[in-house]
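Presented below are the structures under discussion, each in the form of structure tokens.
Shared between the two complexes below is subunit A, which pairs with subunit B and subunit C, respectively.
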Partner chain A sequence: MKRSLFVLLSLLILGSMAIAACGPATTPTAAPQTQAPAPATQAPPASTAPAQPATKTVTIGFTSSQTGSLNVESTRQYHGLQLWMDQVNKAGGVKLADGTVVTFKAQTYDDESNTDRVQQLYTKLATEDNADFLISPYSSGLAAAAAVIAQQYNKIMITTGAADDSTYQKGYTLVYQAYTPASHYLTGALDLLAKTDPSAKKIAVAYSTDSFSTSVVNALKTYATSKGYNIVLFEGYDPATTDFSALINKIQAAAPDAVMGGGHFQDGSTFAKQLFEKKIGAKFVALLVAPPEDQFSQLGDAALGVVGPSQWEPQVSFTQDSAQKAGLTWYGPTGADFTSTYKAAFNEDPTYHSAGGYAAGLILQKAIEDAGSLDTTAVAAALDKMDILTFYGHIKFDTSAANHGLQIGHEMVYVQWQKDSSGNLVKQIVWPAEGATAPLLYPIP
Partner chain B sequence: MGNLFIASLIDGLLIGFVYGIAAMGLSLIWGVMNVINLAHAPIMALAMFGVYLLFVSLNLNPYIALILIALIGLIGGVIIYYIAIHRVLSAPPLSTLLATYAVNMIMIGLGTAAFSTTPRNVNFTLGSIGSGDLTVQGTRLVAAIVATVVTGALYFFLYRTRPGKNIRAVANNRAAAELMGIPSSRVLALSFGLGTLLAAVAGGLIATFFPFTILAGNAYQLKSFVIVVLGGLGNPIGSLLGGLILGVMEGVIPIFMPNSWVPVLEFILFVIILLVRPTGLFGAKK
Partner chain C sequence: MKQLKSIGLWVSLLAVVALGIGPIANRSASLRETTYIIMQVIVLAASLNILLGFTGYVSFGHIVFFGLGGYVGLYLINAQNWPLWSAALAGGLTSGLLAFLLGKAILRLRGAYFALATIGINEAVRAFTNNFDPFGGPIGMTLNFRVYNSYGGAANALWLVYYAVFAIALLAVVLNFMVKNSKFGLGLMAIREDEGAAEVMGVITPNAKTWAFVLSAILPGIVGTLFFFKNGHIEPGDAFRLDYSIEMLVIVMLGGQGSVLGPILGAAGYEGLRNFLLTSPLFKNIQLSVAGALLLVIVLFIPAGAVGWLRRRVPILRKVLA
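== the complex of A and B ==
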């Protein structure tokens, strides 16, 4: 009796846990706004005093992962966006063609790193909060969930932290990507390896099975095969994996020259740590997302030599001159200005997630300025025509029906953790060669 | 292939010891008082945070911190027993289940408020032993040793000390034990405390090699249910063996198929054991 009761209750618990895992966890909480909301007002008619321009406050809706596994990257992205909004508002906002001055306010919630919450919250942002424009949550999976809502409710959404190509191949017309697409994330790492050691031909690919990482490694596999590389292992792992020992044993048995893959910060940093502890002996390790984060250096020697693709680094220097040379319009602050104001505001170094958050705001600002209105069709037309250079890099969108909104201007850089003369870990740019701050540390010691 | 198999087997066994000790706490509480402790998961998670905070703020060695956390686990378990379990122990089993579930929700809620669900990592390493394919992480080796020592100590306590014998007496026949003058309430409280101590030790050990959040205990609690059924209900040593089996499965299965198949096969085994041998592979307390 006692035993059958246990069995019954165990099954009940397992079932309820499975249901709970599929459902939303908690009620959303509105995060503090960066600026107090101000209703749209019309300036009084000119009589004796000079006319004041009409003002309008535009609501930018987005969620961030204040909790959950995407917290690290998402918080950086939120900070970047917050900084852009504070700066544009302090500078007096954006002037429209009819003279109305637009300032911005944020309406934001915690999405708990959860796709289900994203769909609920973006619907709320579009319908109840009446957000004028949307910015995506962090990560391709969450952004894909938000993109459906944006298109459905006719809201323009700038995605950042959302590299997966597939989101922009679904026929959406109002979703625009700030990041270099996932299909370009690790191909440069392969070019770097080919240039450094043409004899290294065996590659093991271990990746998180989320949509972004899968998209990256599928493109990598195609590219590597076309270049004559031998993929000795190609295996996915659950994004929540903490124990990689079984997978690492398989990598070790395959004796690759290089290990590539990863996913996001949490799994990527754990994977790197366990690769180091298991002494796998690969000469080259390139992982997604985690290496460019400053927190990655907390792994100590396990971080040494690990390469990671980055959308932007503070050392990357795009200037008005480089815009002129490239025949592009320069827009926004310089990289040095962004870095110093970001550090002052948040007491941390900006990462590419921070820069991506800021760039998303900047892209929207430029589009509103070019359109001279807040009308969705006019702003979308301005985004379609956009071809600018910012501190973050070149911004241009694909306007074809098959890939509408896909980023086609921006390029990746590759960083590697190396030791300076004092033995401290420092992040160096190792690719592309013309922007490198140090040669590649190869093979990994 | 041979080295790969041996390396995977060793890794599986090492993590299996930790799974076993986590399941042992669940099994002990069920065996003594017929309570399914759903607060097992947050206790493990809070123990992870305890080790983390002591390591980060006081720079305390995680294994020293583990001793403190184990003691806090014991005392915390006794307190939970008196507050949430004692009054409903004689009520229908669903009451104790709901009581521990309520404790679970309270602890998760407080833990989330205090720590958020941001992943944490105890930045501690003991290096590695061995070379080439056969490399074992130091923290996992120590975790397996600690788990073995704790299991031995538990058995010594249960079979060689008076309070331990009292626990076994109450587990066998509470009414008879009370007639013999054994203070059953105190014994039950101690048993619950020992169960939470084991959960805390497991959580603390896991924190030395895996990252975690306040929700991290759920995965190990789920594994603990499988292990308890596998090893035999109410049989602590069976739990340890069940943990080793599960660990070996997790280590070895990925050699032959993608590792995403591991949980599928684990739960297929769970259902088969329930259907074919509900007493578990290693028998159970009569």
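== the complex of A and C ==
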């Protein structure tokens, strides 16, 4: 018995060493083709190819978290990007200034939701796989590690799912952000509160002590103070917290008009539930990440009235008309087209992660079209000049040395769970006013 | 000097060189990144081996030295404009200092109590950095891309960091060998076998254990700085990953605790196995569970690991495998 185990184990070790020595460190995952029908209208604009054009396939390199804690969000982001790529390829690709028609292919690996792997894999993408352009992994931490490699190998990288401002303050010139920065996540909620109830001045901020949430609330605190708000409580909690009683008691003692903060889905939904159970009497609650998720409605009455920021929602309706009114160039499909083709392709509703993935591809496509070439300098110059409106929102990048690549056009939308006429919980957009689908439910019942 | 004639030392060094020379010979950046992780794991596993393999103390929180070294080094580079090499050294020395202070306190504990205490220390230091503003609190610290210009640009900086971790991996092997073949090492092994008997035999066990702890902390602190310099960003969640500590235990036990070659075989074998588990559709979602089961099998059936097993089964290799 023992002997066979020894043999088995030694074979396992030798086999794994052979794999390490001979095989590639990771197996590239070919991006499967989606079965998405091309949208009936407003497909990503692609130029019509001449009779016998030169053709070129452009490799888009990225990692996705096929395993680990970021799997769900990262997979949706990947789906969005995949849908963009299939649509633009089906529409004939992009025509460059010299008449060459380019189509796109994806080269992707699993980053395990882990920063250790990211630099290894992005180096492989940039050097061995000869990726022409890069898309970031999901999450700010992974994107920050990938950005070093992108800049080092002179590759343009569009980041999506990476909201942290600090990545764009590191002196990179080739990294461009599709998301609204973290520093703007909750400032709009404050504007909404100010417009709804100018007398509400006392704010309690309770937040998860992770990098993203701390960046958000630090910016919120600065903004709130500048607007004359009184921060009656500013306290962090461990991301793994499940019992918020002590913190909620402190909030109750501070008697705020509004409670803001949160972190990620698990802690945010638990916090919202316990806030409801304790009946603290706050008139307005705005939390990060959790409220835009559909599962948040499973909290029942505890979800009612809770506001949350989202990068994009299917109800948001940016159109050519709104682009014209804002004096911007309209680009890409409409939100309705994106939503229907995404549903058809993946049999799920798109989230803002999906829309962010699609938008990253769209941004890159527009930049290549404007540059008329695949040259990094020319495409970067086109990105620097970009000022467009898409189904995902306004896209414009900061070009200052201090914040190069930071997203300054796109704005968050704020959703609130309300009840429809049948008493079912529905997600409504309540801010910005021009995109609102319902007025704010205030104060929370 | 006599020790330099040991075949075992040269076999171990040759194994590291064989693993590490590939990227330099091919000038392959991609292979460099893959090998970097193996080199880093060799350093961490060889360092842990001093405590686990020679002294018999299981540390579940050894990654604290890697994380702390990373934080101190990056702080010195970022906020104090120190050069990388001095900052890395300072990171290593700070980790050594922490080990010295902790060693005095927790190395009085034995067995499971010590193991539990090391988890607590990792969590305590993580909580400290989470609340320590000069280290950026929960947001951590990010390096400006300009920093790499001082090292001939980012591309060159990453090669320099690779050379450094390669050299430190060789140093870790030499350190393991020297400890194993010194009077100090004999004292540690006596503690591993029977601490009470070691005391009777004249080993000043608190001192010996503390210095073993310090020695096992310095190199992880240095590679912590190198890794996060290369990464460009550090935050508590990435710096103090408990699962990374557990992986190091698996690697040392897989290769053979208490041997010099063991951590090298363990690092190469485990990293190869991990790549297989990660990309295998069957195992990719349960890779840590499989690693845990593997650890259990090793503890139960071959506590001496691959090197110990080979030495017992193939007597001719006893002189070759240190």
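As a convention for this text, the second predicted complex is superposed on the first by the 361 of 445 C-alpha atoms of A that agree within 3 Å, B and C clash if a C-alpha of one lies under 4 Å from a C-alpha of the other, contacts with A are read in each partner's own complex, and residues count from 1 in each chain.
Simple rule for what comes next: a residue touches a chain if its C-beta (ideal position, glycine included) is under 8 Å from a C-beta of that chain, and two chains touch if they have at least 3 such contacts.
Model, not experiment: these values are computed from the prediction.
*Asks:* Contacts for A:152 in the overlay, against subunit B (first) and subunit C (second): which applies, first, second, both or neither?
*Replies:* second
*Asks:* Between subunit B (first) and subunit C (second), which does A:112 come into contact with in this model arrangement: first, second, both, or neither?
*Replies:* So A:112 meets both subunit B and subunit C here.
*Asks:* Check the residue A:270 against both partner chains and state whether it touches subunit B (first), subunit C (second), both, or neither.
*Replies:* Touch partner of A:270: subunit B, not subunit C.
*Asks:* Of the two partner chains, subunit B (first) and subunit C (second), which one does A:67 touch, if any: first, second, both, or neither?
*Replies:* both
*Asks:* Considering only the touch criterion stated at the top, classify A:298 as touching first (subunit B), second (subunit C), both, or neither.
*Replies:* Only subunit B; A:298 stays clear of subunit C.
*Asks:* Who does A:144 touch here: subunit B (first), subunit C (second), both, or neither?
*Replies:* second
*Asks:* Per the contact definition in the header, classify A:243: touching subunit B only (first), subunit C only (second), both, or neither.
*Replies:* first
*Asks:* So, A:209: does it touch subunit B (first), subunit C (second), both, or neither?
*Replies:* Both: A:209 reaches subunit B and subunit C.
*Asks:* Check the residue A:252 against both partner chains and state whether it touches subunit B (first), subunit C (second), both, or neither.
*Replies:* It touches subunit B, and subunit C stays clear.
*Asks:* Pick out the shared contact residues on subunit A: the ones touching subunit B in one complex and subunit C in the other.
*Replies:* Comparing the two interfaces on subunit A, one with subunit B and one with subunit C, the shared residues are 2, 5-6, 9-10, 13, 17, 26, 66-67, 112, 209, 236.
*Asks:* Which residues of subunit A touch subunit C once you look at their complex with the stated criterion?
*Replies:* Answer in residue numbers: 2, 5-6, 9-10, 12-13, 15-21, 23, 25-27, 66-67, 110, 112, 115-116, 119-121, 123-124, 126-128, 141, 144-145, 147-148, 151-153, 164, 166-167, 169-172, 209-211, 213-215, 218, 236.
*Asks:* For a test of understanding, state which residues of subunit B touch subunit A in their complex under the given definition.
*Replies:* Touch list, subunit B to subunit A: 1, 3-4, 7-8, 11-12, 15, 30, 34, 36, 38, 93, 97, 112, 116-119, 121, 123, 125, 127-128, 131-133, 135, 137, 210-213, 216, 218-219, 222, 225, 228-229, 233, 250-255, 258-260, 262, 274, 278-279, 284.
*Asks:* State the interface residues of subunit A toward subunit B in the complex, per the touch definition above.
*Replies:* 2-7, 9-11, 13-14, 17, 26, 66-69, 71-72, 112-113, 209, 235-238, 240-243, 245-247, 249-250, 252-253, 266, 269-270, 273-274, 277-279, 281, 298-300, 302
*Asks:* Over in the complex, which subunit C residues touch subunit A? Could you list them?
*Replies:* Interface residues on subunit C, with respect to subunit A: 28-30, 32-34, 36-38, 130-131, 137-140, 142-146, 148, 153-155, 158, 230-233, 235, 237-238, 254, 265, 268-273, 275-276, 278-279, 284-285, 287, 294, 297-298, 301-302, 306, 309, 313.
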